[in-house]
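Chains here go by letter, A, B, C and D, matching the order in which they are written, and residues are numbered from 1 within each.
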Amino acid sequence: MFPWVYGFSWTPGHVIFVGVFLTVAAAVAVTVFLAVFRSVQDFRRGKARQIAWQSHFHDLPASDRACRHALTGELKGRVCDNGFDCRQCSVHARLTAIETAPPAGRLYHRGHTWVRPAGDGTLLVGLDEIATKLLGSVGQAAAPPAGTVLEANAPAFTVRKKGAEFRILSPVDGVIVESHDGSQGWFARVKPAENYSDVHLLRGHEATAWFQREVDRLQMAACQVNGMPALADGGVLEGDLSEVLPPGVWESLSAEMLLDS
Amino acid sequence: MVSALDRAWIPRGVVRAPLTRFGLWVGLWLGVFAVGAYAMYLCLADGLFHTNMDNRYVFGLWIFLDLTVIALGAGAFFTGFLLYVLRKKELKAVINSAVVLGLICYSGAMVILAVDVGQPLRAWFTYWYPNAHSMLAEVTFCITCYLLVLCIEYVPILLKNRRLRGIGGYLVFEHELHKLMVVFALIGTLLSFFHQGSLGGLFGVLRGRPFAFREGFAIWPSTFFLFILSAIAAGPSFIALTTWLVEKISRRRLISAEAYDTLARISGKMLMLYVLMKSLDTLFWLNQTAPARGFPAHRFYEFGNFGGWTLFIEIVILGLLPGLALIHAPLRAKRPVLLAAALAACAGVTLNRFVLTIQTMALPTLPFDRLMSYWPSWQEFAAFGAVVAYGVLVYSFSFRYLTLFPQERELTRAELMQRSQEA
Amino acid sequence: MTRRATPGKAARYGMIIDLDRCNGCGACMIACAVENNVPPPDAKATPRTGLNWVRVFRVETATRPAFVPVMCMQCGDETPCVSVCPQNAVDVDPSTGVVGQIPERCLGCRYCMAACPYQARVFNWRDPQWPAGMEQALNPNVSARQRGTVEKCNFCHGRWHAAVEAAANEGKTGSVSYTPACVEACPAQAIEFGDLNDAAFAAKARAAGAFRLLEPLGTGPKVYYRTGRAEVRGAVSGLIEEAKNGQRS
Amino acid sequence: MIRRELIKFAGGAATGLAFTPLPWRLLGDSAIWTQNWSWMPRTPRGEVGEKEANCTLCPAGCAVKVRTCGGTPIGVWPRGEAMCPAGFAGHTLPWHPLRLRQCLNRGRVSSLEEALEASRAAAEGGLAVLDMLPGRTASLLHRVHLSGIANARYIPAPQAEGGTARAMARLAAGSVQLSAELGRAKTVLSVSTPLLDGWAAPRRTAANRGFTLWQAESWRSRTMDLADSRLLIRPGSETALLLGLARQLLQTAGVERRARLLQGFDQLQAAIAHAAPAAAAERTGLSEDRIAALADALLRGQPSLVIADGDPLGGPLPEDARLAAAAVNVLLGAEAFSTRREPPVPKPWRCIECTRLEQVDNHSIGLLIIDEPAPGLALPWAAIAPKLKPEGALVVALTWNRASYARRADWLVPVPVYLESAADAPPPPDTGSWRIAVSPAVLNPPEGAIAAADFVARLAGAEPDSAARLEERQKLAGEEELEAAPAPAFTRILPAGTDGAQLAAAAAANLEGPPVAAHGWRQASVSPLLGKLWQEWDLRPAPGAVTSHPETLRGLGWHADSGARLESEAGQMQVLLEADPTAPSGIIALSAGPAYAQICEAAPNGAWRLKNPKVVRS
């Protein structure tokens, strides 16, 4: 292959043959290098967690990725391609341009967490009713300690139950200043990050629509199971779902609803 | 402790055998692997006389099986091509499994190859002193490159594991790699195309072996193209078969009926095309190529063990019939028919590889020579057994801990729901 | 791949084997093994695993059997083995026309053996072994081959090399004349060795009664056979018409 | 930061390294590592030379040149004429795996002095030297040295002498030695004799031989393959064929007229009285026409020659076959026979007479010395054992190999082999002219080896000087060129005292057991390299191979390709059963080699045959 190897001389066949394969090898190498380079780049720009979420997000079934405006019926069947991060979403910006009033009450994240301003400049972060129904009481050990940096859509903490493990996505950017066992509904008091924004969180009728949809999903699953408390009023489900649903179904359904796969 | 760890690695929402059963299964195959590894050691450290190969059967069981597994492993590249390039979304259901199967087939073939050449330490000479005219050089280049590509394609599947994805930048790298996957799909297709062909060309160019020799296009004999066709015809069938087998062994439903149907339909169409081409090629060879080289067709089929029946079985029984069954929608809708046809298609390709390797070796060329038979030694069987065991192990671990069938979760939930309803 | 030709006139060495003279004694096989340091058979060797660069086939005919020595035919036109070797361990020396096998480069894939229609190639299935002390009696001009490599007749390359050196010492270049071991050994003088570029020798090779093995394959062997017996010609040549003629006679 | 810099440094270094010769050099070197393995033999180094010699492995004594490297022989090549395959491997004989290198006393390592001491003690009970290759200078020296020992005998191996020529000599007037010269014959009938395969010089086997060959044999031997006409006969029917042939010949008027004038004609007539064409045909399995055609060919193609020596390894033919062959030769005029000239013996050498083995009384040998200089020939032990004293007889084998007589001998004394000492070949059986074929010493014999003649000299109290004596004789031969003389007139057609009726009865006798055609190639044990001819290729039957038609094997309930044991009343040997569709059916061809001597018995008529052989699967 090389001119200094004894008795070798180049022929057109060699040129084509070696050329093609060197090209292929180079293409493979360049592509891999590109992937590595881009990954390093992502890290350097601090986009790693976000990209990890993006990668994860794209594995979710389309039904899990419904746009908030599809939930409310404003847009028909739109699937989010932004990883539920409406802060950069042009569609969302356009649709909510007029709505400027600061929200009151809970703002919901699609991973079934909520955020509520505590009034002293900090935010309270908690699990919503569905998550609580799915997981039961979260317990002391679950909440992250004070000082933990949270990033929206990045895993905030992990919940273990019945041998299964779910990570809970953080709804906001910020730093935990106080953690709580969740007995009062919240599990962390967060000091918001400087460029804090909450536009990606569901609010008002969006939240209602989304919540209704999630309850429907649960109910659909639940209805197929005998002995499940049936709910005609669309209210909150009764009982510990982990006891009622078949274990495999409970785990995968919970993971799906918590956007964990 | 171990079982908790095991559980933490198993993908969410799927059901896997208890750890003890899995351990037994793994232990069984590790045993097979150990025997084969010993046989390989004998061949490598002591010499190839441990095989029953000889100066007549210079290629034994291994070349036949290498060719066969690589043909069946073609499902990997073809599925990738259909999914990433032709955008056949239905095949997303099996792409991961196909990649793992391809990786197993190719790496296994490489291992067997390393054992069955006389001087494996000199394997790199092919890169150092390549002979551009040799089909084997082309095969070596293509297979090593493609194995690399398969490894790269395997990385995202691996990194998506429930535990691994949590580590550092794994998901980031996976994400970036995935964005470039179409490049690998294209390169893989190119490489596979050439080396499947070159494996066919391997025997087709043997001008000294009129039974194998074929004329063709430019530097490629017709077997070059026939091998590609037969491999892409059998590949989807093999994926359907293995998926069904895994379903049976794991007692799970893994892919939807539509996915089976798509695989079968593609396999059937390609098989029909292949049978047509193969028939034309055979007619041309029997009437033109071979007689021109002093070998009238009857000379190939007058030896007791290898009558004309091989040709009939290969083309009609294991080619035309499964092809017809697979292109006819009502027929392939019946699962047993589909599976039988897929099995026949794979068997047909296997027989084709057998004929081209073992029968080519057996048939005498010198007019005063006679037919000789060959039976592999236990070492050859064991070495192959080790590769099968390696494949089963890699697949078993991949199946248990990685997401090979994205549809499985949904199907499992439906099934679990139904079961608990019945209870 | 290609070697620079020796300056001066190139040779095309070839053989003419008289099948009517060969009596199948096997002297060529033993002489060849001695000359080329081919090891004696091991305890489990068989005709199918054995190392013989030349083999004498016994061919039954309608009358008495014929003996056919088959060595590497040194194919010329479309050498089946050269083009298949993945790493150029087989080449044709343009200065001699001899197909060379480079054992140091051989991977042992045996593709060349599959390609050879004459089964002239053999494989070292195990390490070569000589009884203790017998390695002292090896030919110093030819090195022993390792297990896992292919070997074959090269028209006694060692002898050719010695002849070239001797000629060079005398200031001569180009084609040299020498005698391979089997030719020297044959008690019946059934093998004639020469340069096919030499008109007289070439004429002999093309004379009536001469033929080559499997000629229609187009491999262009440089080993010719000759017989006056039609039945032998029919049984050996592989030509369909010849076989019919042989049966008739 | 530091880690990143380290990585950068390493990456840069790796890239830079690729542009230096180092990695390429390493790659090249690793190619060499795969080529030089410590267990690969190194070819010898040293100055290459050439020595003229003669091959002394068999009586053919072919002229050879020995190529040497640093003094060690690296090849034997023909000088002028031709050589057999074994000759080409002759230079490896010193390293034969069965080579004996030390004196052994019943398996225990011992010394030459002890062997001599034990021999001296045993010699008092009567000493005999059995010479397996008579006719050499060493054979003469045995006789010279034995003349100084009381009660000593010299016994030449019977099968080493040409059987037909010896039988013919008994028909000639006066005491002569005869030789059958193929070179003079136009038609030759060979009866179970490997005429073209080791019987004579290799040049005889060349395709351009000057005679038409009819081969009568019971298996497809190499000579049979090469013969112009093949007569496939039943084993043991040689005498019947020859008597039938004699009867055919006598139907020609001229032949009969001449034969009537010879003594013993009446006995011959008595012998052939029962050899009616139909009887001979029935016995041999040939058609009457075929025997008639043979007779016709022998008569037309004069001078013609009948040789019925038999295969020396398969066992010589019985005496009655040799007598019948001699009679046929006389009927045909015996023009191709010549008087064998005795090789010159230096005047002062005083030799004792030769004793034939059958002349030796039973229980009369206290010390038997077996001189086995070249591989191959062996006598059945059953022929030797009765001659030994029942109590305290000692057998000393002067041999190079641990196989043939080693099992029977009390003492094994290593001798130098071909190329290790100066030696000569005995005169070949097919020529009456005589030349001395000497091979000089090229190698040193192993420590402790002693030339057989020197061992006998030491026993006789003489100085070992066989090398010097060989030189002396060689000089003598140079002065005196001895040409073959025409054969004397034959006055008899059967030796005096031959009983014609007995001869007829021998021809008609039925053989016991399955028809076994035993044969062998005496050179098979020269070198393991020769295994190429039967183990790595099937040009010859492997020693120990039992070959038969598949149908015949099946009929006997034997399975091909399986190891088996061949047993007879005298012993047993390992055999390999092989099926050969081209083999004659109904006959078991046994390629035994020297191992055959272990299991066969010597009949009073000089033949050795298997008695009640059977194959036991092992």
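By our rule, contacts are C-beta pairs under 8 Å (C-beta built on N, C-alpha and C of every residue); 3 or more make two chains touch, one makes a residue touch a chain.
The shown structure was predicted, so the numbers you read here are calculated from the model rather than taken from an experiment.
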| item | value |
| --- | --- |
| Identity of the chain that, by mean CA position, is farthest from chain B | D |
| Chain nearest the global centroid, as defined over all protein CA atoms shown | C |
| Chain A and chain C: spacing of chain centres that average the CA atoms, whole Å | 74 |
| Approximate Å spacing (C-alpha centroids) for the pair chain B, chain C | 40 |
| Inter-chain centre distance, chain C versus chain D - centres from mean C-alpha coordinates, in Å | 32 |
| Chain A and chain D: spacing of chain centres that average the CA atoms, whole Å | 95 |
| Chain A, residues touching no fewer than two other chains | 2, 8, 11, 14 |
| Multi-partner residues of chain D (at least 2 other chains) | 31 |
| Numbers and ranges of chain C residues touching at least 2 other chains | 1, 46, 49-50, 88, 127, 146 |
| Residue ranges of chain D in contact with chain B within the complex | 27, 30-31, 33-34 |
| Contact set on chain C toward chain D in their complex | 18, 20-27, 29-31, 33-35, 37-38, 40-41, 45-47, 49-52, 55-56, 58, 60, 64-65, 104, 127-128, 130-144, 146, 184-185, 187-190 |
| Residues of chain C touching chain B in the complex | 1, 44, 46, 48-50, 57, 59, 68, 70, 78, 80-81, 83-89, 105-111, 113-119, 121-127, 146-150, 213-219, 235-240, 243 |
| Contact footprint of chain D on chain B as seen in their complex | 119, 121-122, 124-125, 128 |
| Complex contacts: residues of chain B adjacent to chain C | 46-49, 53-59, 117-119, 122-123, 125-126, 128-131, 133-137, 140, 202-203, 205-210, 292-294, 296, 360-361, 365-369, 372 |
